[in-house]
Structures are given as structure tokens and as C-alpha cells.
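What follows is a pair of complexes built around chain A, which joins chain B in one and chain C in the other.
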Partner chain A sequence: MESRRNDSYLDRYAARAQGMVPSEIRALFAVASRPEVVSLAGGMPYVSALPLDLVGDMAARLMSTRGADALQYMSAQGDPGLREQICEVMALEGIQASGDDIVVTVGSQQALDLVTRLFVDPGDVVLAEAPTYVGALGTFAAFQAEVVHVPLDAAGLVPEALRETLARLKTQGRTPKFLYTVPNFQNPAGVTLAVRRRAEILGICQTYDVLLVEDNAYGLLGFDSEPLRVLRADDAERVIYLGTFSKTIAPGLRVGWALAPPAIRAKLVLAAESAILSHSALTQLLVREYLATQPWREQIKNFQELYRERRDAMLDSLEALMPAGCTWNRPGGGFYVWLTLPEGLDSKAMAPRAIANRVAYVPGTGFFADGSGRDALRLSYCFPAPERIREGVRRLAATVEHEITMLGTFGTTGTQASTGVDRPGSDLT
Partner chain B sequence: MRELGHIVVLAGGLSYEREVSLRSGRRVADALRGAGVEAILRDADSALLDLLAADPPDAVFPVLHGAAGEDGAIRDVLELIGVPYVGSPPDACRLAWDKPTAKAAVRAAGVRTPASVALPKEVFHDLGAARVLDLVVARLGLPLFVKPARGGSALGASAVQDAAELSAAMVGCFAYGDIALIERYVGGTEIAVGVIELAGAGATALPAVEIVPAGDRYDYTARYDAGGTEFFAPARLSPAVAEAAAGAALTAHHALGLRDLSRTDLIVDVSGEIHFLEVNVAPGMTETSLLPIAFKAAGLDLGTTCRDLLIHRAR
Partner chain C sequence: MESRRNDSYLDRYAARAQGMVPSEIRALFAVASRPEVVSLAGGMPYVSALPLDLVGDMAARLMSTRGADALQYMSAQGDPGLREQICEVMALEGIQASGDDIVVTVGSQQALDLVTRLFVDPGDVVLAEAPTYVGALGTFAAFQAEVVHVPLDAAGLVPEALRETLARLKTQGRTPKFLYTVPNFQNPAGVTLAVRRRAEILGICQTYDVLLVEDNAYGLLGFDSEPLRVLRADDAERVIYLGTFSKTIAPGLRVGWALAPPAIRAKLVLAAESAILSHSALTQLLVREYLATQPWREQIKNFQELYRERRDAMLDSLEALMPAGCTWNRPGGGFYVWLTLPEGLDSKAMAPRAIANRVAYVPGTGFFADGSGRDALRLSYCFPAPERIREGVRRLAATVEHEITMLGTFGTTGTQASTGVDRPGSDLT
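Showing the complex of A and B:
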């Protein structure tokens, strides 16, 4: 007789691997990649809007002129020329910085990973918005942080709630290692931290001596206004700023960065070196070439227009089709609408029914470390064309109608405990 | 031995079990290539029929789970276009796929199966859920097991210890299907018995695989990801019980008219009695699936076994 486990390495894993278990919801997302399903789930930028032929010419030119550099190792801090260009990009949002203080990373996701690696020991508290970016929760879980959520409202992170949370933690003798915040067009809630709150948030963090990690993936993708001044622009000592070209150029390049005070930056370089030795020189030089030779500001405007049209298609469809009791926000930029379901409905329990109706979304539970979020879901409008968005919302509305009927019949929405990671993979459309 | 030309492994589809199916399909295709078969993996999508028409394979190995894959539909289509395939014919799939129907047929053939009732969601809506559920509990007692009448991978399935949990279990079930099968819960040892028909040998039961979940349930996560689930192959059963389990699986296989391969899920209760739960016509073939474990316990190589099944069916 042979005994075996479906994972025979189980007894060997580190404690930090314990939460790395996909859920049945994650498996459902496999269906979302089929064209029959309108996916409002993933956050893939619409890279087809790039002038791909020009990018191709540029790549060929890069290879013929600097091929030996592009295929070589590079310093872990990243290409100096690119770091200077990143400063130009950040200047659009009020940051004055030196390229010396930048570490180029594999997307801003790696920047977050490195920052967490530097600061978080198992059991340390990290503050994050409620809801917050799923990828951040994955990173924090991997480093065994304890995530304490701070509520958002329509104007972003709520200062009073932050103050209360910090005061409460202080009475417990706990100091958070940092506050993780996505101030602009937040993923997943779509809200933006009001200008009047920015100084207040900084002030609270100063009072309680808490670092901020400002993740600004969407700041340049506003539809209705000039880019807002970021937190880092007003505090170079307390704020670690994370940026990325994933939304303004393309995520396949995997070029992001961290801007940090010099002491932290020095450690980030060493941490990056131990993690990946060096980032891809090829994609760094490609971005450098793109920024130097292409009208990138114009391209960002093109993206803004494209996403604005899609947002409008989604908002108009929601307005026209969703049953009473659903509420949602009106994002001024970025990729996401956060929809709250009628009372008693459960976005996670509803997910299989949505897939059966050929529409996908991400249940709200994926964006909370504490299992809350069942009453809400994230819809993304960045990838599908407007007519697909309208069709997706039509299917979603029918799904919600059905759930309301089920709630009326059974007096419950079938909420059940379940294990595993609810978030979709990064390749989900 | 007959030479086998190229074959198509069919996996994916649009069911909830797409991901599992893709993993099963990749595993079967890899194993077949290892056995020297020219195997390509294809999704069941709008390009499939053109592909099969343009370059007809010698046979198809369907590893589609869930609806279409297991309800006979895709096999009907394969028969329409005259492409041979491994596995059960459409009529048999339809019987097996519908769990209440399968239970009735297997019970009629002499195998115990837990008392149950199958009810569509409309019944609860039209007659009042509380009243209907009261009747169910009065008849079947507690604990109960609720699952979609059609479907697999334990999606939408849950055990109910207390009547107060039943409504939530019903809604969870209806998230994955329109008809619920509510069974009396039978405690005991959970086993799976594969049946395979290799040329010249007739239908043979493979060694039973015993499933011991680390937590309290063998749910989707326990099936495919959490490493805690432990399998014993052959199952830790007395020879007499093991023989009875093999007999039950063969009875199910024959009673439903299944062909080539199947996997029957059974419970052995504390007194050693066998209870039929359900049968799968397209069993999972992932690295954590039960049938490959049974193959191994029987000394069968996955690649050559799948190849032999294909040779048997190939044109």
C-alpha cells in the first residue's frame, strides 16, 4: 500500500508559504480567458493602443546600436539614463528628485516586495486601505505581515480613521512599519485621495512617526484634470514612492521603480541585487529609447481618452441596467469601478453564477486581508471594447437580479467559509 | 500492435472545471508523447471542428470536465463527424452526468446509494424554501450532503450538520447548478475506484484509492491544491470489502453502459457496507487526481495506458 499526499513537499514549506493556496474562485477565472466570457475582472492595460510597429522599429534599432549593452548584466540600481528620465516623468506630479535615489524594479510590484522585505518582520503591522490592491496583500502575506485596514470613502483614505487606528495600535504598543496607500484612482476602489486630505494624512503619519509607501500606478491616467501632486512631492523623508510604466507604456516591459530616501535606497539596491542580481537591461533600454524618441506624453493622452470612453460605457450601462440597491463610484481615472451590491448579496457566492452568465468580475473579498468585502466587487473597464463592456454589464445585471431572487427564496446568499487566494492571475484579461 | 497516427487531447472548455481540465489535458498529452504518441492538446472552442476536419486525428482523447465534456454533448459531436474517441458513448454519459439518474440506475443494479432527493431551485421559489427544506430534513434526517445534481470537483458541494445551515448550502449549490441533490450523509471511508477496459481484458477495477482530507472536507482546494489530503492506494480495506468496492464500481460501469474508463466514488461505512455516490466519465488526470494514483497502484503507466485505450478506439 502506498500513501501519498497531493503535495508531498507539504512538511518542508516555510511558514510564509502557508497562505499560498489558490481558491475555487481563482479556478473560475480560467474560464474568463475564453472569448465567450466578457471579463470585467482583470486589470490588463489596452496595449494594442500603442504604436506597436514604431515600438518594433525602435527595438530593432536598439539592438543594432546598443545590442551588446542590452543583452548584458546591468547594475542592480538600474540604468542611470533611465533613472534621469523617470525623474522627468515624476515631475509631472510635483516630485523633484535625483536619479540617484531611484531603484529600477521589475514592475512596481517588485519595488513593493523589496520595501516589505526591508521593513517587515513576521507579525509586524502594515496599514492599508480598505479595500486595497490585491498584489500588495499577496506581498504582505508572503512576509507574514499583519495587515490592518483603514477605511476609504469617496475622497480616499479617511484621516480620522487613520488617526484612530494609529491611536488604537499605540495603546497596544504597536507601531506600523508603514502605511501602504494608492492615492490616485485607487485599485480597486477607483477613488482618489482628496487634495485637502493629503497634507493631513502626511501630518498624521508625522505625528505617529509612520512611513508611507505611496503606490502611484495610475496617477497619470486621470480623465478630468491635470495630474495631482503626490504625497512624495511634499515629504521626501517619510514617503517611499513606487512608480511604474505598466500603465503608461506596457506591463510586459516590467519596468517600475522605487524612489526612496538615500539610506533606504542603498538597502533597496542591495535587496534587489540579492533578489534578481539585475533587472533586464533590454527592457530598461527599450523604455529609455521609447521615452527619448516617442511622443510619450501624447500617448498617455491617447490612453486617457481610450479609458475615459470605456469608463463612460461602463457607467452609462450600470446606470441603465443595474437593479435597485446597487451603488458604485464614478472614477476620475484609472481602470476600476467599485460596485456595492444590494444588502444581503455576496459577491463571492455569486461569482460562479456570473461565470455561467458569461461575465467575470473580481469579488470584493480579494481586496481585504480580513475576509470582508463580500458585499462588493471590482469591475475593470480597461481592456474590453465599449460594446463588450455594455454586454458584460447587461449579463452582470441579470446575475444580480437572479441573486436577489435567490435571497428572497432562501433568506441567505449561500455565504460559506472557504480557503485560498481569491485573486485572479496577472494574465487575466 | 497497431500503429497510432496523431491524436487530439481535448481539454479546457467553458465549464467551471476548465482549469482542472487544462491541467488534466496537459498531463495526458505529455504522458502520451512520452509513450511515443503524436498528441496535440486542443480546447473545445470554435476552431475545433475546422481543425478536426482539416487534419482528422486517428482518435480523440476527451479530458473535458463538467458540462459538455461529461454530459455527452462533445461525444455526440465527435460521432457526428465520425472521429473515434476514448471513453463512454453519449447516452451513457448523459446517465452518468445526472447524479440522481445515475444513482437510480446503480441502485436498480443492486448497489446501495444514500437516500436522496433532487430538487430544482424553482421548487423552492414556488413552494417556499423553508417548507420544502423542512420536508427534506423530516424525510432524510441530518446530517445531509448537498451538491449540484450535475457537476464535479466538489464545486457547490457541502455537508450540512444542522438544519440552520441548509439554506446557505442550497444557495451555494445553486451557484453551480439549477438542480440540487440532497443526500443523507453517510460517514465512513471515502474511496474512488477506477474501471478500465484494455483490449482483451474486459472491464477491470483498479485498486481503490482512499482519500483522507487533512481538514474536515475534501473540497475543491483540498482536491487540487492544499497538500494535506492523503491518499492510500490501495485503500486500507479488508480483502472482502475491497472486492465489494471493486464489484460496485464494475456494476456502476456496466449499469450505465460506460466504456473504456470511469471512476466511481464510494463511501465505505463503519460496518463495511459500500455506498455509491457518483461516477465520472472523464475523470481528472491532474497530478493530484485519483485515477492516475490508481493507475500507479495497479502498475500501469499513464502514457502507455492512455495510448492503449486510443489504439483500441482508433480508426
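Showing the complex of A and C:
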């Protein structure tokens, strides 16, 4: 808020700058990055599980064989060879596509930014799950979209709720620009759209003529089954699919992509060009080399094992330690558990006290455009080792116990945090 | 144009998508990339002059010592150590700044995109030199700015013209959001803002209370003198400075930056976060390692020598070969010569015939928002070897000779290219 008080440029900004506000909980998370705090907040993949020396050798080899290409500008659409390999990766989820229909982006975040830039005028409606990915809310706010949430349950986005929302909007004469959905191992709720619902969701979008933006960062990180068939596999005209190597290889490369119908893809390339000219040739060629020479399917299996073990550590600890009244889901993959607090507790107000107890999480409010979510919080099990996860849950359980006691004794848990929309920083994806 | 005809999504796009139109000359440039064509079109630095094997060793070492950091998410503002090093680089141009005031971006193109995103509402006026950087025009169009050009001459932006433009806009009740200027070795005109004009330009902007966006990609690539003192060195409150390592190290790393007053910097970080979450840690740490361990000042001197030799090859060939009526400037640094054609010739109409003669350039129309520039073209000497430059100029001279003959004989040079704004692709920066 400091920057607003002292901002002598305030009357010069574009209207969209009003959507660019710092998160109130950002300062808290700076504290949360201290080593004594167990962070169950961030969505950082455990990249140390990669063969770092091999990646280093690969980089050296790339520089000696194709250095002049790796250091040069590249087309805004991205490396053609990499785009073909991306098709192979997506084939695991049932997608048949051509590399021509792909735009390589700076992580899937940029893909989402470009899609929003292309479609959203100020005031346009975008549909998103409740809760939804915090980074998507930031992008939608930056382009002045009005986010209308659609509930999800243990089987993902609720078709009936989607139908009702679309019908209601239609009576208001409003057509959403698209439905943004994370069908697999959703961030933050950890739920997966049931197979039986997938055709239904597509059908509803067809009926109401709404585009889907399918964000599938976690689809290959399932613990119990082969990758699920994605929505894009059954509708190439209505679905814009966003993918990324941030979770299956490494986020520091910033290589993601959008797969879109040709007319949209052409616009996305132009949008990418005006945004960044072109993405890094070096990191694109590194990913290409990695996919061509490393056993990447095996490495993804390693990640699955690693994250399954951490999920189990978290679920076992929650089961053993959390006080009555807390509920949570059992994610089948991905990084996140969504925990609902006992009635009367407030995840946002509790956050500073949790950090004082040396454990960090993301309050549920970060994942809603409308300030709701105080009854819940997101826990990540991707980065800390199992023993640290258990210690973190122990501290969280003690924090919640104490809140319950305070509530029972005084009728309140203490000072409430101020209201407003939270938007944690990029270290918290 | 094909994509517009067949675009069934046309009624869904945001209004800003109308500014995202493919360049008519894009197809030509696909042809121009054939090996038999001498391309004097692209602004690609000659990265083969870098010690590629050393860079490869550096990358391998980075991965074995800091691999887990290099592959992880990073803060949206960028690596703190790199930001301090950027201050050292900018000190060469007279800037005193703190790393806190820097945002690392995906090349300076993203810095410009974020600045435009932050300040420009649809219909807002942005001032830019005539001609100006083609990538800036793309970004301004994407955010629906109205570009008002201010003439430049051999000594750069003309102060009197700036004053007149601002006075005229003021009588219309319009305040430009900023003046976008490339003061050193301008792209595309190759001219440099005279030292005596710098304080005057700053003074005019102060009088009319206009921000400056100073894009200085080429400032360290002067051939004849120490780096010039930049505008930002004398006004930290009014100038947003954009820098990049694309020309002094390599564009394939996509590491650029914005230096801005604290309040604006804070907003730019939020904008960057919603655009891409964070930039590549790997490429940022590679630049950091390069600056820390390589003799980068010497390497820049090597680049200066290399480009000076190529400039001389181009100027000597132009002098020896171009028909009467052609005029051009003598750039003191950077990558570009701006050539004005004899009266009656049309650089855009001539482009396909030049390519048929196996030489490519960028028609002047690419560098104006208003379709002017048919009388001129941009030649780049950065990438081809001197002998290729001489051959390219030879072919260009023959093309122009032929046009002059056609004009003299038939009163026209042949089929005119269709009208409209050109915007070459990212391979042509």
C-alpha cells in the first residue's frame, strides 16, 4: 500500500493499473521464506530430483554444437522441432495436434496472458472455478475482466452449476469470453474433473457457444492412473489448451505453450511478438535436447513417486494431527491439498499467527476474485521433504488448536486481517 | 490476411486485437531467409563472435553449482545480484541507480510492453520519433495507443518539433502518456541525439510534464567515442530507462530490464508477474555469471570493432555503387543505415523485386504508424560478413537502377504493393 500513498504517477496510469495491486499477504511471505519456517505455501517443483549434472553437460554440448542458434533471436511462434515434441507429450493425454498450432510461451502463465489479452475487453466476463489458480486471477484483473466463479466439488467443476451460471448470464445479455478450467489435480483445490463430466462440460459450452481455456499444468503428475484424456482431445475448435514444462521438467526454463485453433494461434503469435519479440532460444533448445536425449517419461515417473510420497506424508499427518472440524481432500496427483477450517476460523487472520508458529500456507482468499475463501487454505506438499511436511502439519495443527481455544474462550480468534483480495507472489504458484 | 477471412472467432476478440494484424511483408521475409538472399533486413547481432565454448562451460558450471536455483521459479523482479550488476553496466552511461529500482524483463521488448500496459488506455497518445522502432509500434498498437510522430534529423529528435507537437496537443486538450525515444544509434534511422539537445529535450518534457521512455539498446555500441551520457542520468523521476543484453551479449538469453522510479517499478513488477510469473532463472544466472567471470567490457569492444568494420563495408559500397539521388546517413554506432530513395521510387513496392535480385531490406513504411516511409528503407550491417554486405549493396544498387529506368521509361516502377501498415516479424528487430 505504501507505493500507492507515495505514488506521484497515480493519475497517469491506465485504468487497468487499478487491477495491479500488491497482495496484503506478500509481506508475510517474505517472512515465510526464512529457513526456520516450514513453507506449505509455495508451488515450487522439487527440481533437485533432476539429473542436474546431465542437464549441465547438455547445455555445454548445445552451446558447442548449436551455440549461435541458441544465443540468437528465434521466431515468435517458437522452435519448430520443440513444437513437434510438444505434440508427442500431449499425445499422452489423447491430443492429436500439429506443431503448427502451437505457440511456445514464457511458461503457461504467458499463454494465459496472451489469451486474455486477445479476448478480454474491460468488463468482459470470464468464468473460472471457485477456487481457481491465483495467477489466473492476476491476469484477469490486469485486463479488467469480471470473474464469475463456478463451484467445483470433489469431482471437479459442477456441470449443473455451469449450466445455471450460463443461463443466468444469458438472461442478463452477457456472454462469457471463455471458461478457464484446470481439470486435472486442480490448483488450489487438488480435485480432478471426473471422466463422466468431461463430455458434459464440453456439451454445455457448445450449447452456450463458450470457448474453454484448459490449463493442464499437472496432468502428467497423477499418482494412480494413466494420464486422463483432456478436454482438448475431444474438441479442437472450442478448446485452447495451455501446457508447460514447469512441473514435468523445470520452471526456471520458462517453457510453456498454447495449442489453439489456427486463426487464434495466428493472433497469439502476433500478441507474443508485441509482448516479448521471441522467447529464449537457449531454453527452448535445452528443452528440445532434454526431450530428445533424456528418458523424460521415466523422469516424470520419478516425480510422480516423489510427490506421491510427500502427499502421503501430508495426508497421514493431517489425519493424525488436525483437530476435529477440519476437512480436506485426497488429491490423486499434482501438488495441493485444500483444507477447510472449523466453523468460525479465518485462514487469512490466522496466517500471521501460523507464521509466528513457523509454518506457512496460502489463505483461501487468494483463490477467489470476490474475497471469499476465509474458511479454507491451500497446503502444498511438492517442495519440502516428508519429514518437514510432518513438522509443518504439526505446527499447523497446533495453530488451529489454539485458534479454536481462543474462539471458544473469547468468541473471536483475535484481530482480523483487513479485507480485500489477496494475490500471493510468483513464489507461490 | 488469410487468417482474417477464415476466422470464425472474429466477433469474440477484444477490441485491441484489431491492432494485431499480420504484416503484409512477412511472407516476403520468409523468402528472404533463403541462403542465396543477402539479408540487410534483420537486426540480428553477430553472436558467433562470442566465446561459445566458454559460455557452454559456464552453463555447465552453473548447473553443477547452482542448478536447483537456476531451474526454479524466481522473483518477478529478477535476480538481485544481476540487478546490481546491471547498475554497473548503466554506470558507463552516467546512471546512478539502485538494483531495487530495476525489473528484469524478457528483453527490453517486454519492458516496453509492461510500461505500455501500465500507462496506456485505448486512444491515449504516445509520442515517438519518425521513424521509430518497429517493435514499439507493435506494442503501442496492441494497447490501442495513438502514435503521434515527432520528426528527427541528423542530430536526433528535433526539440522544436517536440515543443510544437506538445503545444498542439495541449490546445487539443490531450496529454501524451509518454515520449518514446531511442537516443543512441537509433533503430531504424541510425542517428544519435546530439549532446546539446539532451538537456533541452528533458526541459521540454518537464515543461509539459511528460514522461520519457528511453530505449537504449545500442548505447554501448558506439564506434568513435566513450558511451554518451543518457537522459536518465539527469532525470531519475521523469525517465523510464529500458536496457538489454541482447546486443552486448546475446538476444537468445532474452535478458533486458526497466529502470524506473520506485512507484512505477512496483507496478511494473506486478505487471510482470501477471504476464509471465517470473523470468527464466537460468538465463538470468547465466548473464550474472558471464558478467562476473568474463571480460565483458573487452567483449563489447570486440563487438564495436566488428560492427565498425561492417558499417564501413556498407558505407563504402553505398558510396561506390548507389545511383545518384540516393542519400543515407553515417551511423556512429549500432546496426543501421537509413537510405532515402530517389524521388518517385517506392521502397515497399520495390521489396519483392529486390528479393528477386537476392537482397532484402526493410521498407521504411514499417517504422511509421501512419503509412509514410515509402521513400526510404532500413539497411542492417550487423549480421552479414563484410563481403556479403558488399554483394548485398551491389544487388540493391542494381535493383534501384532498374527501378529508376522503369520510372523513366514508363512513368511507374510497376505494380504497387497494397497499402497499409507494415510490421515485420521478430526476426527483423
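Here, the second predicted complex is superposed on the first by the 409 of 429 C-alpha atoms of A that agree within 3 Å, B and C clash if a C-alpha of one lies under 4 Å from a C-alpha of the other, contacts with A are read in each partner's own complex, and residues count from 1 in each chain.
In the analysis below, a contact is a pair of C-beta atoms (placed from the backbone, for glycine too) under 8 Å apart; a residue touches a chain by one contact, two chains touch by 3 or more.
As the structure is a prediction and not an experimental result, all values here were calculated from the model.
> Taking the superposition as given, does A:56 touch the first partner, chain B, the second, chain C, both, or neither?
The answer is second: A:56 touches chain C but not chain B.
> Mind working out whether A:263 is in touch with chain B, chain C, both or neither, as first, second, both or neither?
second
> Would you sort A:398 into first (chain B), second (chain C), both or neither based on which partner it touches?
Neither partner.
> Regarding the shared-chain residue A:21, is it in contact with chain B (first), chain C (second), both, or neither?
A:21 contacts both chain B and chain C.
> Which holds for A:412: it touches chain B only (first), chain C only (second), both, or neither?
first
> For A:138 in the superposed arrangement: first (chain B), second (chain C), both or neither?
Only chain C; A:138 stays clear of chain B.
> Report for A:202: first if it touches chain B alone, second if chain C alone, otherwise both or neither.
In the superposition, A:202 touches no partner, neither chain B nor chain C.
> Classify the contacts of A:7 with the two partner chains as first (chain B alone), second (chain C alone), both, or neither.
both
> Chain A residues touched by both chain B and chain C?
Common to the two interfaces on chain A: residues 3, 6-10, 21-22.
> Given the complex with chain B, which residues does chain A contribute to the contact?
The contact residues of chain A facing chain B are 1-10, 21-24, 27-28, 30-31, 34-37, 349-353, 355, 405-406, 408-416, 418-420.
> Please name which positions on chain C make contact with chain A in the complex.
3, 6-10, 12-17, 20-22, 44-45, 47-48, 50, 52-53, 55-57, 59-64, 67-76, 106-107, 109-110, 113, 117-121, 124, 135, 138-139, 141-143, 177, 211, 246, 250-254, 261-264, 266-267, 270-271, 273-283, 286, 425-427, 429
> Within the complex, which stretch of chain B touches chain A?
Residue positions touching the partner: 12, 14-20, 22, 43, 45, 121, 124-125, 129-130, 153, 155-156, 158, 167-176, 219-221, 223-234, 236, 287-288, 293, 296-297.
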